[in-house]
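The structures come next, written out as structure tokens.
Next come two complexes built around chain A: one with chain B, the other with chain C.
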Partner chain A sequence: MASVLIPVSLLLGALLLVPQALGEFTAYQLGLYLIYGIAAQGIGFLWGKTGILPLGQALFFGVAAYATGMALRDGGGLVLHLGLAAVVLAAIALAAFGLAALIFRGRADSGPYFSLITLALVMIAEQVAGTTTSLTGGFNGFSGYDSLAGLDPFGGFYYVIVAATAAVTLLLLTLNRLPANLIARAVLDNEPRLQLLGYPTHAIKGLAFTVSALLAALAGGLFASHQGIVTPDATGFALSAQLVILTAVGGRFHVLGPLVGAVAIGWASDSLRDSFPYWELLLACLFILVVLKAPGGLAELVERGWRRIIPARPAVLPPATEAPAPRAPQDPGALAFEDVRLQIGVVRILNGVTFETPAAGIVSVIGPNGAGKTSALNTITGTLRTTGGAIRLGTQRIDNRPPHKALASGIGRKLQVPSVFFSMSVAENLTIAMMAGRARWSDVLCRSPFGWRSGGLTRVLEHAAVPLAAELSRPAGTLPQGHRQFLEFAMTAAAEPPVLLLDEPCAGLSPEETALMTDLVRAYQAATGALVIMIEHDMSIVEAISDRVLVLHQGQVLAFDSYAAVSADPAVQAVYAGGTK
Partner chain B sequence: MSTVLLLNLLWQIGTLALVTLGLAIVFGKLRIMNMAHGEFVMLGAYAPVITAGFGLPGWLQLPVCLITVALVAFVLERAIIRHLYGRMFDSLLATWGISILLREAAELVFGRGYQSVSPPIPGTLHLLGTDYPAYRVAAMALIALGFAALAWWNARSKVATRIRAMTGNPALAQAIGINTGRLSAASFVFGCTTAGLAGLLLAPTVRIEPMMGLDYLVRSFFALVTGGLGSLEGLGIGATLIAGTQSVLGALVNQTSGYLAVLTLSILFLWLKPDGIRPYSR
Partner chain C sequence: MSAHLEIEALTGGYHDTNVLFDVSARVDRGEVLGIFGRNGVGKTTLARLVQGGLRLAGGAVRLKGREVSSLAPWDRRALGLGYMPQTEMVFDDLTVRENLMLGENARAPEEYFDLFPRLAERQGQLAGSMSGGERKILAFVRTMIEDSDVLILDEPSEGVQPENIERMAQCLRARAEAGAAVVLSEQNIGFLTSIADHLLGLDAGRVVLRETAGRVSAEEVRALLTV
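Let's turn to the complex of A and B:
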């Protein structure tokens, strides 16, 4: 907790000294910068972790500011005002979550378009605020109300702002130490992988957007009480842009970065605007420079210098404990394809694939390039939408569901090109995988999942020949190809899915590593009694490992039998020997 | 529908199509989310102010416009934009910075207040039973001619294909002999210059001020999003939809509802049909 409490108490101490040391007018000005800083911290949280750039945060800021102004004008006591604030914040949270979750549902790539939608929304809000004169006072602004609890903006209200700043900083620093932080970062790093681990990424993005909207709304409420007037600018495009600039220059990857950016730029603007006409030009150049050369902003430059003096200590992790059991059914039954068809544009990839696997055992899928092997696995996880037929797991129909639902019905997937969270350490990758299909919403707000272990993971990690145990703190992006294959296998095995789909797990491995991987696959199947479906080109592996072999050719099943029977099949021989069928 | 309303509609669609053309190249082909697009329109619109300020003859407006806009675009491309190909989010942010830079620079040079210039062709023309400003008629004819020539050239030229090859895979494009640095700079400068030309054409009909670009940026972005990024056809559909919605609602109800309708329409497209009516095909 020291990493949280020390910065917060230092911040609190410094801010509390300001009115005595620098005077009340400085404190009043600083209060406004801190209000913008809180909104910018929300942008930093959303943008720095999940990569979503909100261009319309003033929407929430302004709505909350108008609501605060109206509540304060209509009188009533502090209790009533705080109650109303809770209602307004709840409504904003609901609206923000609904908006983001709806827009992000069913896609993994709408980042820039989401930004433009938030931009359009804030322009609507600005226009409405400017034209509904009876409600908002129009362009003259909404004023004539007392500040919250009658506190003087030049006196006591400063301490309310400081308390809010410290509370928000405390909250965000605490979140950084929790598994929720890893999940939010994983969205930006590798969203398709996160979906295959069973995480509903649209809801995660929605929650992150909600946090940022709530912070913007909190800042807006403080703003209304601090300034005594709310104009359409408070819900406008220009303020939204300004908040993004504060965040970028201050540093979006650090909790304190946006706060530093808001105070530094606010202070510099106020002291330079009148005496130095080129200040706005300079600020624009600074912003461009940050975007091009220092995406981490001021905070990252400071932190890099600081870490040179005092290196980061590895976090103390909670003791290893047995993870809760997976929620997926442990015995889902056989996997059946019934006349499955898949067509993309004019290309027909699967032309009526029909087969039924046993409920347990290892099934190898072979076939020439372009036979539809990977596409068949993609239809099982829902990554590709079929154009006909049905896929069943036991009695449950599983085709055409979103990929994040695959794990909940018992299907784990390892991809062809190793897909891990490249910006995170091996241990962080494994923590996300350990929570897959097991963690509840409350678990991501405790530190215990950092110590979770399952049999599926332990068998891989503690195998003497697997290199991962010695590399836990190494970033996954720096691992060699072979080690990435083992990492992704360990991540998929950690969730202990009763149906394990492996797409060429031995690709790019040395002969020793290949033998090790086949051992691990066999051990997984033996320990869990799972159904393993594995695409493989190396016939010696196929022969050694398979209970059944599925041969695909031109999007159809050519044969499905034991290895001996398949290898004696003239049709299969013709395809592999290059003869005509 | 009255004739004036129809002519106004055509004027709005034509000028929006011209403004959007540059963005279609810079955003549609180069994948640079150019938030400074409107500022190039603004720069072009200041060309008549410059010539008037120096007491230069009116015919110099066109060369002054082309040279200032192209020069600014070229310098920005070489200094900033060339680092941003393939980084769409960063391109959005950096060009946002550029838009502030250009606005502030214009404010320092020309002042904050708005200016107006008189049209080079004065008077009205009797057209379809009504009197309509002769300048607008001539400008619409020019725009129509320009787009016809562009469509003719576009059907024959391989430049669009080369640009797509470059943005799709720069290393491979270089390997097959495309000078990517020159091609991207030329495309960016061309796109921005058409925006400047649109500004020059619009100058006699609007208030010229440093902040004027934002409105053009928003409408051209939304025209592209609704129409689709792929083709001239999509551009035409998008411009018609956006300018049509705005001017019809603006004339029948009021300006605010036209503006709100355009924003709402754009949100729906961005959400439900982000590839637009004519998605990338040819």
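Let's turn to the complex of A and C:
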């Protein structure tokens, strides 16, 4: 907790000294920079964690500013004003979440469209604010109201801004220590993997955007009271762009970065505005320089220097505890394909695939490259939409559901090319996987999931030959390919799905590592009684591990029987000889 | 006479962390050098240091006698170095045909369509919608048609069905017989020992075995790959 309280206390102490040390006018100017800084902190939260760049934050800033001005002009006490603020903030939260969820639902790559849509919305808002003169005062602005609680913008109101800044910083620093932070970062790192772990990424992006919108709105409300006038500029693109620049220059990956950017650029602009006519050009050059040379902004440069003096200490994690039980049904039943067809463009990938697995055991899927093996698994998870037929797991129909719902149906998936969260440590990868299918929304705001362990994870981690226990603090992106295979298997096994889909888990492994992976798969099946469906080319593994073997060829089932029967089948021999490493 | 590829006391890795130390090797024209070792010992790092994707911390790489250690990957490619990476090896949003049209290729892709007929059938399909094994084959053929003097292949058989692995071996033998120097990094020891003239075993970033292929059996190589 000291990592949160110390910086907030230092910040608070320094800001509280300003009026006495530097005078009320400086405090007034600093108050405005901090207001922009709060809005920029919201952008940093969204952009730095999820990678989504909002280009229209002034929409929420301006709406809240106008609403505050109107409420203050209409009179009423502080309680009424706070009540109105709650209503406005709730409306903004709802609008922001709805907008983001709508744009991101069903498409993981909507980021650029989202940025452009927010840009369009803020341009519309500025136009509306400028033309609805009876409501907003038009281009002359909305004014003639008192400041909040009658506090003087050159006096007491500064302390309100400082309190808001400290509260927002405390909130964001606290969030950084919680699993919610990992999940938000995971969206940027590897969204498809996060979806297959059961996380609804469109809702996560929606929530992150909501937080950023609420911070912009808070800043807008403070701005109206601080400035005594709201003009269409407060809802405009220029302010939106300025907030992005403050965030980028200050550092979008750090909570304090946007504040630093707002204060540094605000102070520099005010100092240069009268003496240097090209100060905006200078600002633009600074922005370009930061983007090119220091993408982490001033905060990252400061932190890098600081870490040379005081190295980062590893976080103290809560003790290991038994994880809550998975929410998915533990005995979902057999998996059945009924005349499943899949066509992409003119290419027919699955041509009426029909089979039914047992409810438990290991089913190997073999067949030539391009037979439709990976595509068949992709239709089970909803990653590919079928063009005909049905897929059932027990009594539930599961085809064409979004990938993030697969785990809730009991289906875990390991991909062909190991898919992990590359910028995160092995331990962070495992924490995200450990929460998959188990955590409630409230759990992501507690630290206890950092200590969660399931039998599925423990069996992998504590196996003497698995190379992960010694690599927990290592970034997953620096692991060799084979170790990534073990990490992704551990992540999939951690959720303990009753149906485990493994796509060539032994690819890129040495013969000994292959034997180890095979042991882990067998152990998982034996401990959980799961149905394991595994694509494999190595026939010695297929023979050793399989209860049944499914042979696919040209998108159809060629055989589905025991290994002995399938390997003796002349039709199978004609298309697929198989081999060993 | 200088070898097609000379690696001299190579040291390097990622950022400030070296994972490969003092590795030397020489591959003459017509030779296949097989590289093996457990995961994480530095095989991919070695391939990327030679190809130019990673900067050397020490040592030198010479291509047909010319020092290329400070050259960019595209300059090494222009000097006759072909490279098939382990991952990210095709352009997912381009069709199979478009993938095969990129770059200056000395051979026509059709020369390989008899061996890999699936590529001929799927020419109009986006590479990203193909299976993992098919993408590997596409990347392999892409590398073959460049007709490079020196070829570096990082786990080309991963995810590929055995019949197609045998066809890959056939292509590599043909390239070596035509005078290319081939460096093949593989976990599939059967594939590796079937075509390698020399073997280089790595462990913890260092060379632990250097032997002519016929003098060491596949079983002995596997014995060195203890987890």
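By our rule, the second predicted complex is superposed on the first by the 576 of 581 C-alpha atoms of A that agree within 3 Å, B and C clash if a C-alpha of one lies under 4 Å from a C-alpha of the other, contacts with A are read in each partner's own complex, and residues count from 1 in each chain.
By definition in this document, a contact is a pair of C-beta atoms (placed from the backbone, for glycine too) under 8 Å apart; a residue touches a chain by one contact, two chains touch by 3 or more.
All values reported here derive from a predicted model rather than from experimental measurement.
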item: Which of chain B and chain C A:L82 touches, first, second, both or neither; value: neither
item: Touching partner for A:L516 - first (chain B), second (chain C), both, neither; value: second
item: Chain B versus chain C as contact partner of A:L135, first or second or both or neither; value: neither
item: Touching partner for A:V291 - first (chain B), second (chain C), both, neither; value: first
item: Chain B versus chain C as contact partner of A:V417, first or second or both or neither; value: second
item: Partner chain(s) touched by A:A90 [first = chain B, second = chain C, both, neither]; value: neither
item: Partner chain(s) touched by A:G508 [first = chain B, second = chain C, both, neither]; value: second
item: Touched partner set for A:V346, first chain B, second chain C, both or neither; value: second
item: Residues of chain C that touch chain A when the two form their complex; value: 14, 17, 36, 38-41, 44, 86-87, 118, 122, 124-126, 129-134, 136-137, 155, 158-165, 187-190, 222, 225-227
item: In the complex with chain C, residue positions of chain A that touch it; value: 344-347, 349, 367-375, 416-417, 465, 467, 478-483, 503-504, 507-513, 516, 537, 539, 576-581
item: Chain A partner contacts - residues on chain B that touch it in the complex; value: 33, 80, 83-84, 88-90, 92-94, 96-98, 100-101, 104-105, 108, 214, 218, 221-222, 225, 256, 259-260, 263-264, 266-267, 270-271, 274
item: Complex contact set, residues of chain A against chain B; value: 51, 53, 102-103, 110-117, 120-121, 123-124, 127-128, 131, 237, 241, 244-245, 248, 277-278, 280-281, 283-285, 287-288, 291-292, 295
